[in-house]
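Two complexes are shown next, each including chain A; its partner changes from chain B in the first to chain C in the second.
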Partner chain A sequence: MTLLTEPDNRTAAPRARSVRSRNFALTVPALVLLVVFFILPVVSLLLRSVMEPEPGLDNYRALLGSTTYLKIFLNTFSVSALVTIVTLAIGFPVAWALAIMPSRWASIVFAVLLLSMWTNLLTRTYAWMVLLQRTGVINKTLMGLGLISEPLPLVNNLVGVTIGMTYIMLPFIILPLYGVIRKIDPAILQAAALCGATRRQALTRILIPLAAPGMVSGALMVFVMSLGYFVTPALLGGTANMMLAELIAQFVQSLVNWGMGGAAALVLLIVTLTLYAVQLRLFGTARMEGR
Partner chain B sequence: MKNTVIIAAIAATLGLSTAASAADLVFTSWGGTTQDVQKSAWADPFTAESGITVVQDGPTDYGKIKAMVEAAGVTWDVVDVEGDYAVQAGKAGLLEKLDFSVIDKSKLDPRFVTDYSVGSFYYSFVIGCNKDAVSACPKTWADLFDTAKFPGKRTFYKWSAPGVIEAALLADGVAADKLYPLDLDRAFKKLDTIKADIIWWTGGAQSQQLLASAEAPFGSFWNGRLTALAETGVTVETSWDQNITAADALVVPKGTKNKEAAMKFIAHATSAGAQANMASLTGYAPINLDSSSNMDEKLRMSLPDMQSKSQINADMGYWAANRDAIGERWYAWQAK
Partner chain C sequence: MTAPFLHIRGLRKDYGIVNAVKDVNLTVERGEFMTFLGPSGSGKSTTLYILAGFENPTAGDILLNGESLIATPSHKRNIGMVFQRYTLFPHLSVGENIAFPLKVRRWGKAAIDARVRKMLQLVRLEGFEDRKPAQMSGGQQQRVALARALAYDPPVLLMDEPLSALDKKLREEIQHEIRRIHQETEVTILYVTHDQEEALRLSDRIAVFSKGVIDQIGTGPELYADPATRFVAEFIGDSDFVTCRILSAKDGRADLSIGAGASISGVPVHGTAVAGGTAALMLRPERLSLRREAAREGTSGLSASVTDITFLGSSIHVAAAAPSGETISVRLPFGHEATSGLSRGDTVSLDFDPETAHVFCG
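Moving on, here comes the complex of A and B:
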């Protein structure tokens, strides 16, 4: 046995290495592109946070020592969390329905989902502005029906940001969830019913636990994307709902204070990477199929 | 969107621009109807006359200007910027000195001429009101800050720039000749009283939309946007009482490869004829003192420079010196 397997091992190992290095060689052009056009500029911006206006941690002190900026951090996290929860609450039933729908219907729903994803973000955000404003379609309809006497404040506040961002994030949670739910064998649910589980038990003890990896990975993705969101909060929120990305844009473009901009960007980057690490740790790359 | 910000930062850092090859002149402004007119009133006739192609780019971005100059990869040759930025950037070494042997400054409104910039056009912040939506229109800044007499939302310019702080102080009773140096504590205290009723506009088109839909039936606007809105059939009332003027400026980022052509373009854009055309089409005032003779009398009377009776000139020198400090405080106050 030893004699037979030894030569195999010897030849197999170098081959695997050469395949690996050949595969790595294939990624070199993409890596070079990333390093030159992404890593280096980002690093140079981040370096400015400790170099401008003078070397030191003054920018971070100013950023973390100010109640205004801390409020913006807090606001960024709470808006992202709220959007994630609402998106999950709406996305889960949709993904479930898609998974059990006849495929012809499902493809129509997918087309609607994807078309909305491919429509320009600004266009969609402006559309919400027109729908939600005090003199907008929604308020006019509700007032016309006599349901409300004063227009509801739906825009330029947290409500507007949540509606707008939830709408934009929905596909990002529905698609991974759909992938996971599709893989759940319907027979398991039937078995549960046969064993006397109520509909509620089947949902809470079978469907949700089985779909949990998809829910968590989708939710993390939505949360991380929300953290860095710019256009929607800027247009649908009031200035009191400012989020981190808007603050960075303000530092970079309006105040031309790149030191502070870099500092804020680094904080956002660290938070994002940490969350990403958590996701990898919990689910690994293999479990994120359907993304 | 995080990606977009990063991509913008990368593009800025490397001074990349997709817009033009070196032979053309690149003119950058703020987009929208104003840049459309800058193209038709300035750039197109300039190209016809000189044979130099003018590529339009935008929007103006001070971060990009700084990045281009620092990276020695300037791709914007002439940029339309705010007046106070022009003064500040000139001092910071980001701009080329203008060549006044090519640009005739003797005919230009001296309020808007520095070594590094000339006026582009000038405008006033005025009080606009959608007459069909309310029973009474505010006439003064004090009215606009009076939520008891004029309940409802009102709209103001979102960015830190000359205009809103001055309006708040005037509304609080500060005499026009005692405005500068600005009493920021007092201004923010006054602004606090109406903060909950403010909807901010970020650009001219949005300001028009807010007024036309009566989302905010009154507010502070660029006068030209009200002129344009009135032409579309909206019943707009404009109050010029204590209108606050500010000007855009034309500048040349330091290190441009087309300096000579840039000077020629500015000379053309600030000429009496080009300025008159621009004013006729936008409702903003010309900065060339000879332009008025080229213009229709009725239109002429609607421009800010005919409203000098109670006019207030925002102090660009003061703003240039305090731009950063005011900006930081302004945005922190907004986010509070």
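Moving on, here comes the complex of A and C:
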């Protein structure tokens, strides 16, 4: 009788296992979806990159052996790095201000940030084109004020890409940084001040080291997203600084060369995964030992 | 006349319409251990934060060695502070935490190392240099915070309820450490607490805060024996209050009567006593003696009936109801002859020395 009313440990353990396997069963549809829509395309691209036009590593050899393509790789990395640095430089003070401002104001700023994220990417990029072009609002204002006599070249070059991409990437750095900075007890900074630290010393020796995990994960996200960005560089950048995504689009759309397109995409994927692994290694499990 | 070491003068702080500190005046001598004692919201922390430079006073001034501190920013005040919350820098080791104020002062490496070692010795945490704050207990973290705050030899050390997050036993242990460190370093300490026992154990003098002002400043025994207000009497030591009627008052002494009882003369009086008016007579449980008969004519006693008897180990606690219905507590040593055979409902006489009682008017 007691066996029926009080299941003991021996029966409880297999039950837990069966619950787990039933829970696993629930994830099967999602896994199927993942395989069909994400893994299969990647695998087929990988296959085409080594099979077309004929089996071998010719596509990779062509991609990595040509200075033209290497320049595009290099350009992609340097533009992404520049965007990451500018985003971080603007994002950190904004996140810091958000963390210390009254929460009512902060929620207004967040609403604006989210609203901009939800606005169509193409619309936002065109809006920047309108602002930055030779006859755009910025040039007209500066000329009207007599600050410049010739319109500044703000689009179809590195400046345009950096401005447009920084704007799009900002929320991705502000949100994680805000989360990290909010968790820092203001009393720690008060203690630093009483210890004799100037604002600058408190910033460089306490605040930035404490915010480092947020900075690294935000920066990495921005860098990786920038590596694969297409719309903004295509519209605001010039032909002189083409990025990898544009090259892939050209291979596939204009040249119908799936082999080369696949190879370029795969190189991008490998770089991305490597960076992700590095971040996990540095900040994944242990994070900051102090907290 | 030389200026006092630390002088707080007419200090006031408003947050919008909230008046956190009304008018605080205080002088502290070099090397003194001064405690701010008071209930929650009485303005203790605010006063300390103004001293630290985190807040600007609405009015008033703070003078250290005769010079105003108000215009000096926190990082140039050279004041030490231990906070209620744990404020060690989490990404730095214990040693690096203590070295931090010395590094920003650009001390040499050898001097820093020697100083860190000395500080760790002072707080008895030798060998913990390389630990991260997260690997230390709360009590150890506060000791490191103390070492960090003392590393640069500040003239004044502020402590805002540094032990309130710790359990009672650990708290007492660290109280002893703080006393020893105060004696060894001779640093001037301003200490905030709302625990009267802690205040009594640690301080040279105590400033009792109430609603943004200091009600009374004095040593523990002074505050206990001679409270200036009913608030102080309630806050320091145990006390009961019995309503009485003032018969006459002169030279800080009053004659009074309780209910229909006899007159009691020569009780120290505080506030403006009006003959015929009512007032509160303060009685301390350990200052009453108990006799098992109704109060006699001509003694400073009142009749009461026993309502409860509690055995508390070394002492016995007797609760008795005065004729007015108010409860008076008496604490007697265990085995006191008056307690043998005492039971509820017995009529007893509670006697006291008028000098040790106090009357508060208004």
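Observations on the model:
The rule is simple: the second predicted complex is superposed on the first by the 260 of 291 C-alpha atoms of A that agree within 3 Å, B and C clash if a C-alpha of one lies under 4 Å from a C-alpha of the other, contacts with A are read in each partner's own complex, and residues count from 1 in each chain.
Keep in mind that, in the parts below, contacts are C-beta pairs under 8 Å (C-beta built on N, C-alpha and C of every residue); 3 or more make two chains touch, one makes a residue touch a chain.
Just so you know, these numbers come straight off a predicted model, no measurement behind them.
For the composite obtained by overlaying on chain A, chain B and chain C can both be accommodated side by side without a clash. In the superposed model, A:Leu210 lies in contact with chain C only, and not with chain B. Legend: residue contacts after superposition of the two complexes on their common chain; A:Val231 is shown touching chain B, with no touch to chain C.
Residue by residue along chain A, chain B and chain C are tallied for touches, and B comes out ahead. After overlaying the two complexes on the shared chain, residue contacts for A:Ala187 are found with chain C alone; chain B is out of touch.
Seen from the C-alpha centre of chain A, the directions to the centres of chain B and chain C diverge by 150°, a value given as a multiple of 10 for the model superposed on chain A. When the two structures are aligned on the shared chain, A:Ala249 is found in touch with chain B, with no touch to chain C. In the superposition on chain A, contact is made by A:Leu45 with chain B only, not with chain C. With both structures placed on the common chain, the touch criterion links A:Arg134 to chain B but leaves chain C unconnected.
Shared-chain residue A:Thr198: touches chain C; no touch with chain B. The gap separating chain B from chain C in the superposed three-chain model is 36 Å, by closest C-alpha atoms. Listed in rising order, the residues of chain C touching chain A in the complex are 52-54, 73-81, 83, 85, 87, 89-92, 100-101, 104-105, 132-134, 145, 148-149, 152. Contact residues of chain B toward chain A in the complex are 1-6, 8-10, 12-14, 61-63, 66, 153, 158-160, 199-200, 202, 213-215, 324, 327-328, 331-332, 334-336.
Chain A meets chain B in the complex at residues 37-38, 41-42, 44-45, 66, 68-69, 71-72, 121, 133-136, 156, 225, 227-232, 234-235, 238-240, 242, 245, 247-250, 252-258, 265, 268, 272. Only residues 185, 187-188, 190-199, 201, 205-206, 209-210, 288-291 of chain A touch chain C when the two sit together in their complex.
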